[in-house]
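Heads up, the next two complexes both have subunit A, just with different partners, subunit B and then subunit C.
Right, the complex of A and B next:
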């Protein structure tokens, strides 16, 4: 008696969202099965891997990153290198310098950086704000305007500023809207509901439902994503069928495992190796739980995660 | 198939004697059907009723034990596919692979690294739990048995990867007391392997060219009376291994197909041989999706730190909040004049912060207020960590016990500084760093 294989077939589908233009444009989502469950049905658009760069440059990055970017001095030069990184599908430019509690760069200055980067590369672009909700409302709207025609994804519209970011990106300038919520299925859904009520098409929204580094409250991340994919596919919940993007690097390079110096923790060995492992393992877990795209920093992590995706899809 | 309360009731003596603790046989039957009590609580069930009931009410996935003493691990026994439905019960266990085809120096080096990883994280000891000892035919039986003996001396629970019944028998002779797993049965050799495993009293690992072959082999082994099995998902490709791991678990738990109701073993050391980074990605994938034992080539600190953290998270009980008691925690021999730092009562935060404070060697008092067991930012966003909550805790529980009036607050809630100072006259509020790991330098600089 052979094994009675019972595929889980759903009549619902994750929305397909396209980012970028031309040959290198990418599609996120479009599947009717759980993450990597190709034995249940096809996954036409494999999950994608993005490379994070910042308007602030590299800061005190690990040697491998410094070596990779070499003499690239401006964000546009870095973007060119990032675009050529093995396994990279898109670039995520973070405009960290806009933070009023940090460098507080002006919106004009940052929009100019975004424009230079967009003009320097042909791969799809994601632009992330500085995380200050007021500043981002203004900044991301202006970036959306300046990059018209490039079909970029803007991160993020949040509960506090979705009106400004959503209206500019999703309605006025025809870009894609990233909807960011805090590790909770109800919050994710609520934000999608109000953003679509603004008039933004569901097919223009990508969700960032939050993440944590492995070991740091990560169980909530797993369960939030598991439940979102279940609701989207088995209950056909249209307000949770947006593909998921997860900025991984920002979480993983700031925890002790990746930050502690070798002098402080001699038995732990190479700091760079610790950081890479933390980035790879968190990204892999995010993809297993349901991310359709992950944003990473280190060339080794980008190559590895991209390889794993190719093996699985 | 799950039975209804009525079906179970029909098999009880229907005397309502109350010996089971339930008022009636019917009430008892309903509880059994819900899984709230075990059928054995009624002392008056007939043998045949018990036999048919225990088969029908048996859990979908068997619980298999391997190893002995401190190295005894429980595998399987899961009842759900997702952790939000119910807590996963048996953690993924990790094995480092050795092979008799490796040269002696490489083997020695690998064995020497095993004890290096050994630390505690939130009350749990983290270390390499198992060794996978692979048989390389060309190296011969003697070398293999010698390697098994050496690996056994390392004090970790063994998995023998060996498809040759004769060699397996010789290897088990030197290690069977440690209750290793013998992984090597397949469609071609299962009868002989079954005899070897049964004689040594160890768990048998089974594999197949595909899921159908595996299924048939398991069924054949069950027919021979062996239900002490682990299913090896195979090494043909990453894609096939993942498909097998998911479908085996899903068939058992969701579709109640008991032939696949066993724990699984995933050998990422073979799936991604020589590529330690891909192995890192895969060990995380198979921790999320249904690997009971995952074998890797390397498990040093770089791998262990994120991996054991991930496992600890994934296998926590969502019902049980991980909290510590609010109060004053003196560290490094602190007294009433030592500097104060404040944080929340979330266990993870407490363990991370107190660990760093200990590492600094600076005497200090860690003040933990009731924040509903949430992390710093979560508590702040939820209104459970505020200038009012901190000020109230300090006036009511700290001021009469501590003389020092310096308070360091977490960098992530720097915004609270002004309000806390306004509410706590006489106190100097200092904004600490964002991450606990930076506390060591911060405190030393503050002292100096």
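Right, the complex of A and C next:
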């Protein structure tokens, strides 16, 4: 009997969210099929790859990263280099120096960094806070104000501060809101519900449903993303039809496979190669599970993942 | 699994306000009841214009257009004994949000309503009866098979026949309640859709009791595989029960605000 292909059709679509302005603006989502299921229907907006930079510079980054950024001294100079990285679609600026338990930089100082970076590049920009919910409520609201007209995505509104971040980014200053839940599917939906109840348009929300590095309880990430896409498409759940963005580098460069020195673990081989491998493995799995965008650090990872996407979509 | 489908029953010519509105083509009362039901979470709205022997076609067209224009092409169940009126309603019906439902056929005199649905690519509610309530489930399932085969002969998808076991009143037919529930399970095991006026179970009970009985009934029915019901969506307890059962059945993903959705 000949094989008759029956495409899986859904009467539902992932929302399309545009980030950035002008020619380099990107669109996340818009598909009515499961990740990479191009045999079922078109994926007009292929998943996107972002490059993470930090207001703290490179710190003790691996040699390949230091070499790539060379003499770039400021975040704005780094952003210019990151923008030109092979395979990069957008930049993610992390304002981790704002952490009250770290350098505790002032909101004003960080807003100025964000502004310099935004002015230095033409590609779309994602701005991530310092992960302290009180500080981020203030910081991300002020960044949203300062970058008006740039159509940036702010990461993230969380359960504790979605009102402040959502109202500033999504209502007052017309930016895009990232809704963050830490691999908790019910909270992911709930955050979308309450953020839209604030008045933020569903089409202005991108979800960061969290990730783990490959090998660190990763199957829970897969089941979370799988269930979200299934609810969005097969159950037409409007509160889960937001595209997903996943900051990968932040997880993968902080696990022992990426951090252990070659002196301690000679049998594990090159530390830099291990870090790249962790980043690529996790990002490819996130994309296969449903992420519409991933955020990476290493140029080799960015190039590899970007090539993978191009070959699959 | 798809979410449970509620068909709002409150646009019914048995209500004096609705009868008056239909007779005078006054939109106000109809739009008000439609709005209430949709805000309460109804998916479909039933439009019962009664026998409508004189001006049924004109009335049904008017009602379909009125409701769909005001409520983003809300899907409708067209409910009347006047077949020409149903056809007239379908002729102006917009399918963007779902096929029209023909309410209703049975395995007796009303078999030809299945033909009407087949000819118009509509869903049909198929009462498992040929007039009187079926004596037992053997008889119910014979009616079900008869109508299913008739619809399929006419080219219908089996899932476009929504079988109604006919809910019976507790006060008088208490010993038949489990049979109705078992019939739903049989429909479900055959992969068929089902619906019905389940609040019939509580007919004649005090007003404050009915939502309790109806909620218990809908929960037991959903466990058995009922896929839809014709209900009063303004019954908060009932709708909360349906939404909660949809969570248990994994038809919808839980979030703390699930009752507000």
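Please note the rule applied: the second predicted complex is superposed on the first by the 313 of 313 C-alpha atoms of A that agree within 3 Å, B and C clash if a C-alpha of one lies under 4 Å from a C-alpha of the other, contacts with A are read in each partner's own complex, and residues count from 1 in each chain.
To be clear about the criterion, a residue touches a chain if its C-beta (ideal position, glycine included) is under 8 Å from a C-beta of that chain, and two chains touch if they have at least 3 such contacts.
On a predicted model such as this, the values are computed, not experimentally measured, just so you know.
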First (subunit B), second (subunit C), both or neither touched by A:37: first
Contact breadth on subunit A, by residue count: subunit C or subunit B: B
Touched partner set for A:282, first subunit B, second subunit C, both or neither: first
A:231 touches, of subunit B and subunit C: first, second, both or neither? second
Which superposed partner A:94 touches (first subunit B, second subunit C, both, neither): neither
First (subunit B), second (subunit C), both or neither touched by A:268: first
Interface residues of subunit A shared between complexes with subunit B and subunit C: 227
Of subunit A, residues touching subunit B in the complex: 1-6, 8, 36-39, 182, 213-219, 222-223, 226-227, 230, 254-257, 259-260, 264, 267-270, 273-274, 276-278, 280-285, 287-289, 300-301, 303-305, 307-308, 311-312
Contact set on subunit C toward subunit A in their complex: 2-3, 251-257, 260-261
Touching residues (chain side subunit A, partner subunit C) in the complex: 185-187, 189-190, 193-194, 197, 227-228, 231, 235, 237, 239-240
Residue ranges of subunit B in contact with subunit A within the complex: 82-84, 116, 121, 211-212, 214-216, 219, 237-239, 242-243, 246-247, 250-251, 255, 257, 259-260, 277-278, 280-285, 287-289, 300-303, 305-310, 312-314, 316, 318, 348, 352, 356, 359, 375, 378, 381, 434-438, 440
